[in-house]
Amino acid sequence: MSDKSSSSEAIGQADNIYLPKLARIAGIKEEVPGARGIKTFRIEFLDGDGFEHDCGQCAMISVFGKGESMISIASPPSVKEYKQFSIMRVGRVTTAIHDMKAGDIIGVRGPYGNTFPVNDWKGRNLVFIGGGVGLAPIWPVIQTAVANRSDFGKITVFYGARTSRDIMYAAELEKLRGAADVHLSVDSPEEGWEGYCGFVPANIMDKPQSADNAIAITCGPPIMIKFVIKNLSEMGFSAEQIYTTIENKMKCGVGKCGRCNAGKDYVCVKGPVYSWAQLKDMPQEY
Amino acid sequence: MVAIEDIRARAKELLESGKVRSVLGYRRGTASVLAEPAFVTAPEDTAALVLDATCVENLALYLVNEKKRQKTQRSQDTRPLAVVAKGCDGRAITVLLQENYIKRDEVVILGVSCENGGMIDTHKLSRALRGKAATGAAFDGNGGIKVAFTAGETTVPAAEVLAARCLECTKAYPLVSDYFFGDKIDERSYSPRFTAVSAIAEKSPEERSAFWAGHFERCIRCYACRAVCPMCYCDECVVDSTSFIVNPTTSADEKACRIRWIQRSASPSENAMYHMVRAIHLAGRCTDCGECERVCPVNIPLRLLNTMLEREALEMFEYAPGLDPEQPSLISSFRDGDPNDFIR
Amino acid sequence: MNKVPEAVETRNDKNEVQDFEPKVVAFLCKWCSSAGSDLAGVSRLQYPPNAVPIQVMCSGSVSPMYIMSAFNKGADGVLVSGCHPGDCHYLKGNFYARRRIYLVQKLLKFIGLEPERFRMSWVSAAEGVKYAEVVTDFVKDLKALGPQRKLKAKV
Amino acid sequence: MEMILKKDRLGEWAAKLRGSAEVFAPVFADDSWNFCKVEPGAELTFDHGNTVRPAKGFVFPQREVLYRFRQESGEAPQLTPTLPADGPAVVFGVRPCDGRAMVRNDKVFTCGFADPYYQARRDRVVFVGLACNAPPSPNCFCLSVGGSPHAGDGLDVLMTELDGRYHVKALTAKGKEIAGIAEALFDKAGAADSSEVEKVHAAARSHPQRSIAAMEKVAEGLKRNFDSPQWDTLAQACIGCGACTYLCPSCHCFDINDEVSSHSPLAGERVRTWDNCQFPEFTMHTSGHNPRNTTGARLRQRICHKLLYFVENHNIQQCTGCGRCISHCPVGIDIVRVANVMEEAAGQ
């Protein structure tokens, strides 16, 4: 569902699908320090002509002179004044973004990909399972659910990171405690940490969730998703009840450059959000 | 002529005795006039092995590919590979041994002599048939090659269709081999060595510049020349600055600070850089198997770059590649007599 | 680092190239040639400032990649300068360099680049004068040749 | 609108067209046929079989500058889109398989998100097709993938060579327009001409060519054999060189990179270039994980994209049977053999 954004002659025709819109970095918050750090960027479109998006969609972030990379939009659709991206420093473009400061201008084009069907989940219990920077793509769904708390049943959030220093959205997770059960975990024990020690899939086995009238949404390193889905199935979750978002290398974001397909679907157009029912029949090409 | 039955019998014996993991040879292909590489593991399939003027591929490449494949797939079968090797292919294997990319006990070399024959050149064949594709080519026994194509057949003088490297070849048999087939003929009746490259070298600088500018402008950077070259075995090519092999331990800094030596687009300046850097990396290593020139879809005479450096290495440094696995490489050795007058 | 004058190419009515300032990239071995160029500077020798010096640990460490990349990025001339044979701090670096630079020079000449654009020299730490002469002579040759366009990336 | 053009008037037609467009035709140079600009007075002959590089380059060039960026320090970057501006072009001697590939390329580039660069070039080029009286290459198999030696889809004009003259049939408005420019050169096609064309086309269809036994079972075979070890044996000789996809008339994969010309002020171009699913790092994630890291997986992607995925998404094969990927593969990887192997496997 591509939203027809307002045309802006100054920058170029609106129908040039490769031309990014310019946006200013309004705020930067360092979530996780270090070489593989995570920073959260809030960006505001120049002269207000941005685009609308929905939970689960992504956008191509452009650093001119370095390149582009596809990042999930971490702010809920209800927030209009900025778009939020939480980016881990992993390569050429992400390092360039991490070196930027507030006020710098980047390019953003999108929104790309499909969405989490949040409206179909009204009245259901929601189980969110995030790992590392994988919390960002499912964060808009959590925010939307908490904002319309009465529409949903029990909300549980599992989130794990390598060490306590690697936990992102720490403050926001604490704020969630009222509206949802939050279970944090770190991979290996460290002093001063009372929460669960071990990988995320083990954490959910440690606190089994009931499968009836529930939807599980997970995102994280591919190895984590694999074991989370296995454990959820053992708990009785059916394939239709498990949703995830997969990551493939993307260059165009509009289903043309032929790079991100898993089987017959281009993940940038038909994905990245899939239910395990769809994913398990698709070739293992992600 | 080399009796193909001997090669088949030896290959069958090697497979049945379990001495080798598989035999790399040639068999009739379905795609074009050329024979295609055959990876024979079952003894009975050795009957399909052939050896004629269309067996142009340099099978040393598959020693490199199998070594890489074994590294990634960690297969336990460590028996050697048997490979059919012509003169130029055998010299390529010798350079791989010299650079100990492969160990001597990892390969069983079935050396074959081209005797007074040689391999056809698909570009010359296409020129002789004015762009039509040939479906068959074989020596007719008295200095000509019988060429079949869809609408009929014709005979062409061998010199007109044989590859330039075969016309200029002075040693049409490998020096290092475990088994040898055919007789070692030294004087060959075709053209003197380095004929093709001398013809270009004698041109004026303007003509040479226009010659190469025209070719580099047409290059589509499909990297077939690098992919087919047994000497280009680096996992990460210095020229591949936009897409390089990463593994989970490659840090963000390494990826961010990677120097882009050339751009991804196939513009003349970037193509010239790519071909020159590849040529200089092959100095003293290229054994003139001619594969880079054969596989080029836009017919760039790449062999000229490598044979020019080969001639310089021979005349100025008395260095010939692929003769002895123990000799030091060209670039990592020197002599007091090396030319010095160009330094002023 | 002396600032290289922008290559101002002005053509007069007879279309001759006037006061073209060639851009030269000079790879200078730290132990000899770079010291030689410092000596030239310290002794206030007057010579054209066109050569941008890049100090390398040894002329043997100058990869053909650097030379070709310099021409690709628009250098009009490239100079590689190292210690005289026998003086090399690493004993054989310059011998390896001699062989490799010879091959690069032949390759550049073969594809049609003017041979005068790529030069190698031995300049010891005591030869400030020689360094100035080498650069002056080199820039004179390059001025005659005009800007280098054969390998330069089109912008 | 069917007409007859005497062979010796072909040059005049090209000359008239050159008034308002650039004229391209197959030319034999460097031992192979390729589309080149036809200089005034140059002789125009059509005994080229098929060109090595397909007509794809006219609508999807190997290098396309998407836009230039320039940023003075402290200010917002200026982006200047660089939509293609070259003039109209007329390309002679395009074979029906290249024409049918244009229909596939149109589906990729104009459905869903419309690509303005492709559209700008596509609107300005006129493809004058030439029917194949005899198979141009020993590896042709257009009949197996629903095409034919005289198919007109994707072309603006279809010419058929008769003795001493060409039967010219305008198929689209653009075709009618370029025929109209040189109205006087053409004669009306009579009933005799039409029946001769029918005979020639029927003869062309009957010429033996390579064939994929049961095309309808191939897609099923590919789906069932997705994890079969046969992919590795079929691709064992593959060297991942990319010639097959660069020369394929319907391959459209590309890469987008920035080419910086100056750093202060920052200036450069964002460029789209051809890319290739046979290159190992085409699908390499930044983490180093590569969903397709063997030649077998990459060959499977190429064959399945052509004969399975495109069928599932658009119910037509993306492959038009020109045989270039077979003829120009350095090691003889053969899509027809792979399709037949997978089709037999569908039987078990």
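Every chain is named by a letter (A, B, C and D) in the order it is written, and numbering of its residues begins at 1.
The rule is simple: contacts are C-beta pairs under 8 Å (C-beta built on N, C-alpha and C of every residue); 3 or more make two chains touch, one makes a residue touch a chain.
Just so it is clear, the structure is predicted and the values come from calculations on it, not from any experiment.
What is the chain whose Cα centroid lies farthest from the Cα centroid of chain C?
The most distant chain relative to chain C turns out to be A.
Which chains touch each other through the most C-beta pairs?
B-D
Could you state the distance in Å from the CA-based centre of chain A to that of chain D?
Computed from C-alpha means, the inter-chain centre distance equals 39 Å.
Measuring centre to centre with CA averages, how many angstrom lie between chain B and chain C?
36
For chain A versus chain B, what separation do you get between their C-alpha means, in angstrom?
49
Need the CA-centroid distance for the pair chain A / chain C, whole Å please.
Computed value for the inter-centroid distance: 52 Å.
Spell out, as numbers or ranges, the residues of chain B touching 2 or more other chains.
255, 263, 267
When you check chain D against every other chain, which residues touch at least two of them?
255, 257, 282, 284, 286-287, 289
Name, in rising order, each residue of chain B that touches chain C in their complex.
So the residues of chain B touching chain C come out as 200-201, 205-206, 208-213, 238, 261-263, 267-270, 272-273, 276-277, 279-280, 283, 305, 308-309, 312-313, 316-317, 330-332, 334, 338-340, 342-344.
Could you pull out which chain D residues touch chain A in their complex?
Against chain A, the touching part of chain D is residues 66-67, 69, 71, 76-77, 79-81, 83, 108-109, 112-116, 226, 252-258, 260, 263, 266, 268, 270, 272, 275, 277, 282-287, 289, 291-292, 297, 301, 305, 308-309, 312-313.
Residue numbers of chain A touching chain B in their complex, please.
35-36, 89-92, 94-96
What part of chain B is in contact with chain A in the complex they form?
It comes out as residues 251-253, 255-256, 258.
Any idea which chain B residues touch chain D in the complex?
Residues 29-32, 34, 36-37, 39, 57, 61-62, 65, 69, 72, 123-124, 126-127, 130-133, 135, 149-151, 218, 220, 222-224, 227-228, 240, 242-250, 255, 263-267, 291, 294-295, 297-299 of chain B touch chain D in their complex.
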